[in-house]
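Please read through the structure below; I'll follow up with questions.
All chains are identified by letter, namely A, B, C and D, in their written order; residue positions are counted from 1 within each chain.
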């Protein structure tokens, strides 16, 4: 009779805490996803979630669960950011704002995950909710005035970002608004990023703000329940995450990358970020099988496109090429290949031309409503129909 | 921008508790499994889990999560049974042994689930761990002597059963042992059932004890972590459960059924229970398309078997029929149909015979290592080969 | 070493043909889908595909494959309808327009599928392509004039219907057009139905014609390749089919039903048909767990809706109920349950009211762009907030 | 109204044949699997199936279907090998043994697949069935004596291999037998390989013969029906295939590789082949996250193993390491990562040791019943418990 994995995990964690040992909390039969988004520009593509709750504010799981979930989901780093000001379990639970971090730490260490101390400063709009990560003592953030809380985090060396600016709980129409307080926060350097994506929401106006004001883009889960209740990998779903391009997965390298705005948001089937990151991601993911084609009369030929990444790429035609008919749209599924069919619309040309087949990757968002432009190079030999 | 389901759930529960309202904690896009095991003998086939933990002992989720998970999993009733004697979170959490039940109750009510108050009396072997359900005050179970705890529960009108008798934490070789203390408990009527299945473990020796001693069979999850971390329905897995055949899903009807031993254990792809239950379950699940077949010479013909239940049935040949060749084994997958191919081994017979095709359903366990016998009736016309 | 199923099938069929026996061509481990659409109005809901090709015209499989595929797909009846006028394989294959039916027949018989003789009269538009089913000799359809072919089929007692009127091969803009020839065909009784759906195409204008002109609606696969290449059940896809409401699955009962227009088209996640059929299908598929609700103040409560059918139902709100807020949309997935959340928008009412919660099932199409109206009855008790 | 893919394929192929153009027969929305088995030793790992039937012998699909299926399945090369001596469709089909190759060729060309001309010499045992590939004229193989057929193929420069030696159609007990005729065939160089795997069968005795006699190992589908009817990738199944390690995917490079025995058989979740190939496949697929571990007292630590290949690796412990407890077995699923947990069994050692953790990859078969040995290197620091 093999002992059940379930009890093993929980008892393992419990005993490990008692004994002061590092505990991974992972059973031999638990499996970690590998998120296939390539490393680029000499950096590691770290998968991170910087907005997570536990029972120590209004979340519904014990802190040790969060690193285990992060490991299962293929993350490299996470930050537990319980509310300072919203504590619905406080009748049952003794409150210490560092406690969820402390409890989770040995679990994260055993899994080689970078656990970053953090907290959510939870105020009315403006300025709304603000996450402070890389803090050193969350209890110092429990102040009456929100500026004091933000300043306390900033003085600890924290990186702060504004959460879910379009949350209907604070903006009933779901549209983010920029207040003077946010100008103040940015000018003082107190916030350096914003969530473009929170949970199941994307805020296009925030996306544009980040581009215009040079703020770091974040996409986080803001998970309260067990993560699998919200995003089931077996059904192809993943939590929103912030891809951080960093030298390594140390806390300091991640902080340096955030300060340098080296992030891309991975949200459902989208990647949201600057072209300087999305362009090499596509280039390293998609392989074109050949560049030389012959088209006889009004015949057709194909280019095979293989996608070695873990997300689909959705292409839309982005221009015209003389004498060619190209598909209006094309999906290259994750880990699969498809044929791009090229047709000649002429029967009278005898010539070899170097062309670029113009597409936009509509799910790689370089701006709101604007996909990454890509060009497939091809040398096409037209052979006229014999008359 | 639609508001995210995640936050909705948690805030919803929180606000509901504050406001004293019934809260379901279910979002519009959350989906409940329907477990297709038929009602039989005039009873409802209730899907139940009577062994569940929360952060209030060594579990890792807040109590409100458990009814939501139960609803998602298609359960009708559940019991949260936190340990009395094992409290690894007690430095952070104020202990009250009724608290997990109280916190979960409005969540269960909103989902029309029957939540049964319970606790796990957690002692060394013998007598090991004992679940008391249908208690009225769990705090009375916090006694020095185990007999006092058991008696306190019994005096409250509880139904008690022995948990995971073969757990390697208490029986290193994984084999359950019966001690004098268990004889005492049964004779006093203090325990009336045993877990034949706990989590990923099945105890054949306990299965036999239940048959011999007329004790109620249980199969429970003993879940500590978020349930989806252990059993992912999207991967076809379900938690072990106790199917209770009851008049309705009230607590009193469930208790009456437990006292009458009207249970079957649903474990992975097995149903474990008495023939009086497994036989009508199979009969109501599987449909035979015809009973009259003609076999010409050494030819073959088929009977189509359709399975309207939600679990596969695995059949093994259980005897011989003169002049017929039948498949050694056959799987009828859940919600699908297959052909049972019947072949003649004679070319010389001209006759119509009524036969029974003898099989055992190997995953419906009427006893350890013994599948339910089933007989498919057929009227077979043998047509001799023309010579 | 168990013998491979693959060879078994093919050799089995081959040997069976040689020996003149009925062959099912199904291995013990092949599995038939059960399509869960309920029987209604005292009729069987037969799953049928009346438009199928083989190598005997421009299809790519041997005729015996079609009944096997139909059985795997859960069909009850099928018609192989090879082209009379389009024969790209004729250099390799001897042409006899009855041959594909004859070859497939024993395979269909062994699987208890109703195989209906048929052919596709394949002409320029007008009148386009016309399927004749229930023919007795397809060779008589090989005529110079299309009217002669249609009449020959009609004189054999065939049921004829117009295929894919909006096919871009004949209507470049994809919009079906009604010609005088079609008026003639209908007036003479030579055609009595039309394909509202063909393969991946739905023709809304044809849908309306069927309602206006009282013609039988068809949805067929028009499959040429192996069916699994086009519709993979393991990916949740099914071929388009015509659901026929018939007394039994005999050819005569099917013909009677077609003449009486007792069909519904099952296309992707849609059912297309008259309200007299779609209404009882929904009513027998969806179960409402209760009708009595209490709403306290601006509180909410829920009704659980369980879907016992094999397709999702997609609901959209279709009106308002005073003092209630209802979800705009709701999906009840196949074989699952969800909660319909009802909220009060008043805090001042103390009253019990019987209401109907108004929805449209948008994927049950009673007319182009019009979903089936459904009303969930509920007795709602409003309890005013105490002031 | 978008035109249906189904008709597009078939009509596309048909029209292309008429026009003499290369046709791919692939629609824009058809998707090719990428089989993730790494290139090794400077060679491409080509995925090949050298045993395939069509309607031109006893298969059930038109020849153009086979390259399309091969492309969908991720193959690089295929050979259609219709029987010379078994022609059940010959009453309907004109027989020319080169015809299936000729018909399929433009389909294969359009998909950049290497189509190799071949045929199956189909005789009683001995010598049984023999595939000849790289033939130039299959009609020359239609001889009375089997030696004449084999010699005709050999004289054409064909590569010949013995098919399914343990097929119960010729060996009722399923065990392959070696006859004098096979000695003769090998000594003359007339056969140079054998199928170790055919369809769903693996022949361990043949596996050993290949090792002992230095014959090339093959694993082929021998498909007769549409391939998706037998192996559904959406259900995780793939056809058996021969992985050929070749300079490129030209016919000549493949032939050179076969003559040099550079093959591995990919069968269900097994790779069968020589250690010289399986060892680098494992080494390039599996990544170990670290080599330095610290174990405190009887504590544990972990090594993360990530599997970048497309098949699971199943590991079994293959020895002992002093003072360490290692898991008996471990599965590293395709495209996922798991933790190998290492436990100390001593509390009294203070020392750093370089060890090898000994495992066998049981599903990489270097010999019948013998998995590939692998050793994970680790530098382990034992820290004694403080007393």
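Note that a residue touches a chain if its C-beta (ideal position, glycine included) is under 8 Å from a C-beta of that chain, and two chains touch if they have at least 3 such contacts.
Here the structure is a predicted model, which means the values were calculated and not measured.
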Whole-Å separation of chain centres (CA-atom averages), subunit A against subunit C: 42
Chain centre separation (subunit A, subunit D; CA means) in Å: 38
Residue numbers of subunit B (touch at least two other chains): none
Graph class of chain-chain contacts, one of line, ring, star, complete, other: ring
Which pairs of chains touch, using the document's own definition: A-B, A-D, B-C, C-D
Touching residues (chain side subunit A, partner subunit B) in the complex: 1-7, 9-11, 14, 17-18, 53, 55, 58-62, 64-65, 68-69, 72, 88-89, 91-94, 99, 103, 166-169, 174-175, 198-203, 221-230, 232, 234-235
Subunit C residues within the subunit B interface of the complex: 19, 21-22, 24, 26, 28-34, 36, 74, 110-112, 289-290, 296-297, 299, 301-302, 304, 306, 308, 327, 330-331, 333, 335-339, 341
